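In order of appearance the chains are A, B, C and D, and numbering begins at 1 in each one.
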Amino acid sequence: MPIRIMIFGQLTDILNSHELTLTDIADTDALVSELNKRYPSLAGARYMMAVNKQTVTANTILKEDSVVALLPPFSGG
Amino acid sequence: MPIRIMIFGQLTDILNSHELTLTDIADTDALVSELNKRYPSLAGARYMMAVNKQTVTANTILKEDSVVALLPPFSGG
Amino acid sequence: MKERKPKNIFVQGPVATSFIAESIQKHSTQTSIGGHSIFLGQVRADLINDKKVAAIEYTTYEEMALEKMHAIREDIFSKYELTCMHVYHSLGKVVAGEISLFVFTSSPHRKAAIHACEETVERLKAELPVWGKELFDDESYQWKENSQTL
Amino acid sequence: MKERKPKNIFVQGPVATSFIAESIQKHSTQTSIGGHSIFLGQVRADLINDKKVAAIEYTTYEEMALEKMHAIREDIFSKYELTCMHVYHSLGKVVAGEISLFVFTSSPHRKAAIHACEETVERLKAELPVWGKELFDDESYQWKENSQTL
């Protein structure tokens, strides 16, 4: 089950990418663990997570077509 | 001693003029009495008085070159 | 830098949108500015006793208004961190839909610009000796009164 | 009248002052409007560790930003008596001194226009997934962070 992960702002410097696809990720907690393993400096970064454009704070189940976004602090305007 | 009186806004309709000169007026109280005598409908009108561009509330002595202004409620903007 | 001599705020007739654009454009060289706040007063075609306001004709006690505006400006500059402030008010006839007031404040930070603009608008509405005569389309008129609450 | 479908707010590059003037001009036919409030965000040439910000490059998560903006718009319209609201935000590079944000609210009454504009600016700064990358004149960069307090 592929999960699409969109990356924004300063996090693109850490992940060196604007988008990733990961498989076999059951929920957002599992996603965070996997990302921190692959990109250790991500663990110290401030960001929120959105699943299908809704920000999530509690652990959230990911489904086949879930789109996850990693959102560092906003700085528009 | 001539006193120059400037008239603005809706008061120009009551006094039918933008400017008056009155003589032998000692202070603003005396001016109000004189104006009310000449223009009875002025007594019911809302306005402030300014002497030399400063609004006055207490009775104020008028001097040779005093300029009095009758200021109805402001409606700029 | 902050030259704050009494200056004229009155313009004859409506404030043109091209003038507003030029005023904004001039600030592009002031690169310490982070936010501009602008208020525009537009003449409303109010319906009063079945008669429609076609225009407002503004008059002022100019010498007193400019002194008052200077005092307001000084107060606002001492209260807020402003880079600059510009105020323009129409005199004479301004047709419904046209702009009669243009207040423009700029600051490094948005909150200062926004609050300074709002306070300037409120104060000048309350304190400047300016009168608006609402001209109806049948050539009659009535004298406008500003609300303090809306 | 008040059509409030999700609409695009993003423009490529800076917001032109001529565009601002045209937006204002279009409202002259809306003669129930008494006041317009406008906020403009301008890119500051901040000095950070002796390096000067030459430009900001904006990116967004567009689908999410437009949904958020739609929700903000709905909230503001239900809270204030507004005739209309327009919001434009730059994407891509905006040079210091240029405009990157244009928020424009109009109402029969000035207070509604002013407060709706301020609240919209605060909310979009806090809630829209938009990121600014401050580009220095030596081609290095840093990611901008919005202050909630200034």
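Simple rule for what comes next: contacts are C-beta pairs under 8 Å (C-beta built on N, C-alpha and C of every residue); 3 or more make two chains touch, one makes a residue touch a chain.
Quick caveat: nothing in here was measured; it's all calculated off a predicted structure.
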{"item": "For chain B and chain D, chains touching each", "value": "C"}
{"item": "Where chain C and chain D are represented by their mean Cα positions, the distance between them in whole Å", "value": "22"}
{"item": "Centre-of-Cα separation between chain C and chain A, whole angstrom", "value": "49"}
{"item": "Centroid distance [mean C-alpha coordinates] between chain B and chain A, Å", "value": "73"}
{"item": "Gap in Å, rounded to a whole number, between the CA centres of chain C and chain B", "value": "27"}
{"item": "Multi-chain contact residues (two or more partners), chain C", "value": "41, 110, 121"}
{"item": "Numbers and ranges of chain A residues touching at least 2 other chains", "value": "77"}
{"item": "Pairwise chain contacts, counting only pairs that touch as defined", "value": "A-D, B-C, C-D"}
{"item": "Interfacial residue positions of chain A with respect to chain D in the complex", "value": "6, 8-10, 13, 50, 53, 69, 71-77"}
{"item": "Complex interface listing, chain D residues touching chain C", "value": "17-18, 20-22, 24-25, 27-45, 96-99, 106, 108-111, 113-114, 117-118, 121, 150"}
{"item": "Chain D residues touching chain A - in the complex, by the definition given at the top", "value": "41, 58-61, 63-64, 67, 89, 100-101, 121, 124-133, 143-146"}
